[in-house]
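The structure appears right after this line, and notes come after that.
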């Protein structure tokens, strides 16, 4: 995880999440029950096996409520933790531990869930040379973190947004009056550091895109035989990306067609959270 | 959906989501290809059957990029749409349609996914009198919308945050030195409009909590026979809420123990998105 | 004062207040006159007797302008300080002391003024069992702090906002077509952790509200005999809260009717500031 | 009230105040009870006689929750309204009326309270030629509005912040080693559009300040005879401002010494709110 | 100019600029002198010949202070206006015209200055096939607008930031231990839609970069003969970009070496503003 | 540079500038190539002779990305650095050095460019007694820093905004129906700490303004003989400021007319950046 990005982005995201949970009046239960100077130690553990992602961001929630919070990480981002494994210890004021717990776990669970799902798909295509890539089907506000979790899971990132690369889709093509017109207009306007990808549904469209010299072709909803032919046509001329309704069950077959990339929206929009929890032990006063 | 909340909260959330997608340079593809004054109409449709939630918030993404955007809603929040059903038409500038599409669909898919999962669980407990409630295991930044989606699915809301009700958990009890001490401290501090719930694991703890006159007892990880006994003990004295590892398969049996509420974290943290898409048709110039 | 809330809310409130005072160009006078590395010590003292509230938030203004600022608190929140008593010493750069002075004193004076007014009313009802509670008639942006000051003064808090409890007022009842309809609609929608209070003007309305099993009844603008009768009716069925034109002179008589709570808007909207000031002494260079 | 300032400052202040009141979940009571398309009309009235200030800002709270809200103003800012007088009618959705009511009234009451207090003091000094001015002892976040309310009450404004004029106080003088040194340093640094005021406690200090050619002298905590002598000394050389412990009872005598200005902190920090309320009448459906 | 970007980015930038100019107290002069309902018309004209850029963003400053402001554009973005030419008329409240004038002109002058400087350089290389591109040496907060102005001037954009393309500079190469190691590490991490450029100072480095198959080579501070040789080596293998100390006087010779792009930092960091002004004519009341 | 202003204003400006450069995904190049724990040292040097301004703000960019960054300043704000002179060393993580470099240099170059241009003009008028002042023709968002740079260059500041002083321009006069009416209206409204300047084009207007007792007269676009006469007329009655089309070539002659101030817009809107750069040296691991 990039320290600069933490300072600039995640710090605020975590603070906003804490504000969302603490509201106007704060943690009524904890503030009433726990003395202000009570210390405690918590163990973060996973309930089910999975790939850890977002641990540092999650832990920062404790530090935001207690700048003296101290962490010991046993299994950092990229580790595969087994069920019931403790991934980190947190020592902080008991109030901070209790009041930041849910925010920390919500972040860790979600990001580890995405990393775990990605890892599982990446394993399925091992040896084929196909990369697993994510899409822009991410949670509002969490895109950079979710794309990070995909990388932790062994996947790779597609565009981060509409502004860092060009993807000419069916609608663009129709509005431009054909793929050639679309690509021409794009080249007149975008800078030389921007890559161009074109979505194609048919081999005819594919040939036209290849003749235009685009960088990547998105092969959408093609059958396996069609994918194989597309890969042959594109070899040495453009990178190939398969997409559309690909599941864990079908992903290996798609990978074996020889495509360079397989993009999967559900890595980010539908991966279940990894089940994580915090167990707290109060410290003797004065410790 | 509350108009005031839209004005105060969702408007900014949607704008931030659009900024996240459009970045510094905007939609390179669309801006290069689509003329500024081109109009278009889009149809929002669901790919799989589900309960619609968040349609107005999702549509507002189009209006943020084109204040003249016009909507026709066929199946609003709370409707059960069948596969391939069109739920709304959007007429707007083609640029706005294309540039806001992903943000709108990400929101609609996520919220409808939660509403659909909730509806399915609510149906499973139909007739038992048990309510399905969500937890604080929500996505950072989306809590209010996700809790709204749960209500659209027929579920009910637990606390919105740490500040609107008291929930005394195991850790609080341990730090206070017993449930009686914890509840006493809480009552000294919180106002008269705040309800108090206490988590109990054993029937002994339950009896103590009931004697303290708390409003709700959270029966955590209890077996079905234990739940039944707990319900009998609590009747007329406190509301009962069951939680802990309850799945769609086990939820009916839990409901039949007579508990008032069943809380389920996965409604919000692990429900898969509903698959939704936008089909765009360009308008003749001047139309 | 809750450390988490400081980190999440007050930190920004204090920074905004400093920005409001320092503007674009900063403290013209101090920046021109006082050397950058000059240290100083200031004593915060109260001019008139009162209950201190908000001292830590006020002091944080100095730390925002000088992270090395050091405090010695003699009479913290909840203390009753006598006229001319020093409540804290601040050692910091002279520039920070002078530039943050007004913001610190404005906060401390206002919050201590509320705490003092509350304390004085609480003393008047001592022994009656009635609690003094505040309302939502607070200063825009300062609600949480003002409600905290009420607690420091010995009072208790009513709702923090429109979203943490239900209060059915006359207008709601009229729009719903009766209190029964209103309460029914509320129960269909709000979660099980939300309390319900109903405002009543007559004993007939009170009886209806009690029959509906609401948690609290707000007895608005009732005469003392009527209040007494209302208290008798409500005993064991709902908490009672008196409101409407109650002054320091009448509050004891109201309390003696046996009501559980008395709510007073003027605690927050009209309590005069406590007069506080800062006396600064420059330090010898190098000290 | 300046339209540009509304657009740039107050719009956000009002939205933040609404957010503070509506929280995460919105107006639970109103959203449950009042149909979304129900219209209503409300009358804003004052309970006690006073000078109206801030009416437009207050009304904007309704428009933020209902852009179609329509106002009819009977007694705008600067009017003296008598007890029970209706100052404005608001027609809007019933939900907007109920949910924005408290924010609107909190603003109107506070600002009208300041305008009323100012007006009363201004009347006391009528004919003396002395102007009543406010200080920087304002509520955090509300300075510009509170200073506006002072103007509506017939008072005038001192500095808006530390950056728009110079005021050399005792502490500055002590740190600079004398008033001459302080003024010299200031003149080296600040621009030619910045006025300079110096606080003096003695006539000797006054003479020194006058010799330095400063624009204004602040005569702090002087007796009436001393004030008279100071005014004579300063005539034609600098404007004179009296301050320090001046009350409504003593203000006329101070004014009659011939000072140009009298500054009063309590206009903004301790003026009680004007008591204002909203009476709502539901509209027949379809009206 | 992209409407979506205006809604999401420039709207806030313009509001912040207005706030910076209007401060806490607003336009003292105008508010005192000009009646609130006075209308006026203003003509925006250029004092010296130049290429117009940013006119719509600049005009939006007037609309922020008067939503009813109406514009007539005679010479929009991309036009070459001659000295004293009127480029737009604005009809609005006189207060809005006067209070927004400076912000509008500051934006228009700066962006048109960049467009004009770019246009002039583009003309110098006409016919050579070399594109003029800008760098990241932009004004903090204005990058997207300044890059837009470069496009309006006929130039093209390089990276918008550190996150949308890779540029391996000397320092990166040194830290990685050679260009091959650097490019390898980059390829392991970044997605398939990201282009890679490598900075080279020598022909030996150039050959290594070309062998690695990077997309673009940055030829830094090379002599003209060296540039010619580099272009020959890179032909058909990578795009070439020249940079380093290139002035208007030398740019044509550089272009004639056959490089694809010439990047110039001074287009954005040192282009003088275009001199623009506003002439206002008051309207007859009631018009 | 004022520490309070840094804490309140520049800290956020620098963070926003870093966010603008790092975007969603961060520094792709550096994060891929440079190990997280690699340290480095950088030297900031100027390429051409100039006056340094903004060094501390610029350096703070490094500290934002690495709180442990350590600086050694050789030539701070106000120093005249010669070509190739090193003005500061920065020791920080190599990632922070590389990722913050551009933001730091963009700020330092711009502010030093303004300071250098100001210094050069100030030198041209040396001995005449005329002060060089800047205007409100500043970069949106950077006004306070740019005005600071003018002071570092030896110039002085005019108004910081429309709210800290009054300047009656031609348009105001026309709308008020004459300068007397305009000044009268202003005096009725603004406080006693606000100075009043009036723009005049003719000697007749000048006489009217002087008779009104305004503080400063702005002599706009006058010939040298006319300026001389104006200065004679105004002596002892008001400060004089010359403006309008004054260049480095003509500024000395204008100064010799005896005017108090000469205001120059191009100091802030058109001064070229000072050329500054960063040279990085990696540290041995473990150092």
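A, B, C, D, E and F are the chain letters, set down in written order, and residue numbers restart from 1 in every chain.
In this section, contacts are C-beta pairs under 8 Å (C-beta built on N, C-alpha and C of every residue); 3 or more make two chains touch, one makes a residue touch a chain.
Just so it is clear, the model here is predicted, and its values are computed rather than measured.
Annotation of chain D and chain E: jointly contacted by A, B, C, F, touch as defined at the top. Any chain that touches chain A and also touches chain D is listed here: B, C, E, F. Annotation: the chain C:chain F pair of sequence copies touches via predominantly different residues, less than half of the used numbers being shared. Mean C-alpha position of chain A lies 33 Å from that of chain E.
In whole angstrom, the spacing between the mean C-alpha positions of chain A and chain B is 22. Averaged C-alpha coordinates put the centre of chain A at 44 Å from the centre of chain F. In chain C, 20, 22-27, 31, 99, 143, 157, 160-161, 163-165, 189-190, 194 are the positions where the chain touches two or more neighbouring chains simultaneously. Taken as a graph of touching chains, this assembly is complete, with every chain in contact with every other. Every residue of chain E that touches chain F in the complex is listed here, in rising order: 13-14, 16-17, 20-34, 38, 40, 94, 98-99, 102-103, 105-107, 109-110, 113, 136-143, 160-169, 171-172, 174-176, 182, 185-186, 188-190, 194, 266, 269-270, 272-273, 280, 282.
Those residues of chain D whose C-beta lies close enough to touch chain E in the complex are 2-5, 7-9, 143-144, 147, 157, 160-161, 164. Taken in their complex, chain D has these residues touching chain B: 15, 18-19, 22-27, 31, 36, 64-66, 93, 95-96, 99-100. Remark: chain F residues 20, 23-24 touch chain B in the complex.
Within the complex formed with chain C, the residues of chain B that make contact are 131, 133, 151, 156-160, 163-165, 189-195, 197, 215-216, 239, 241, 260-261.
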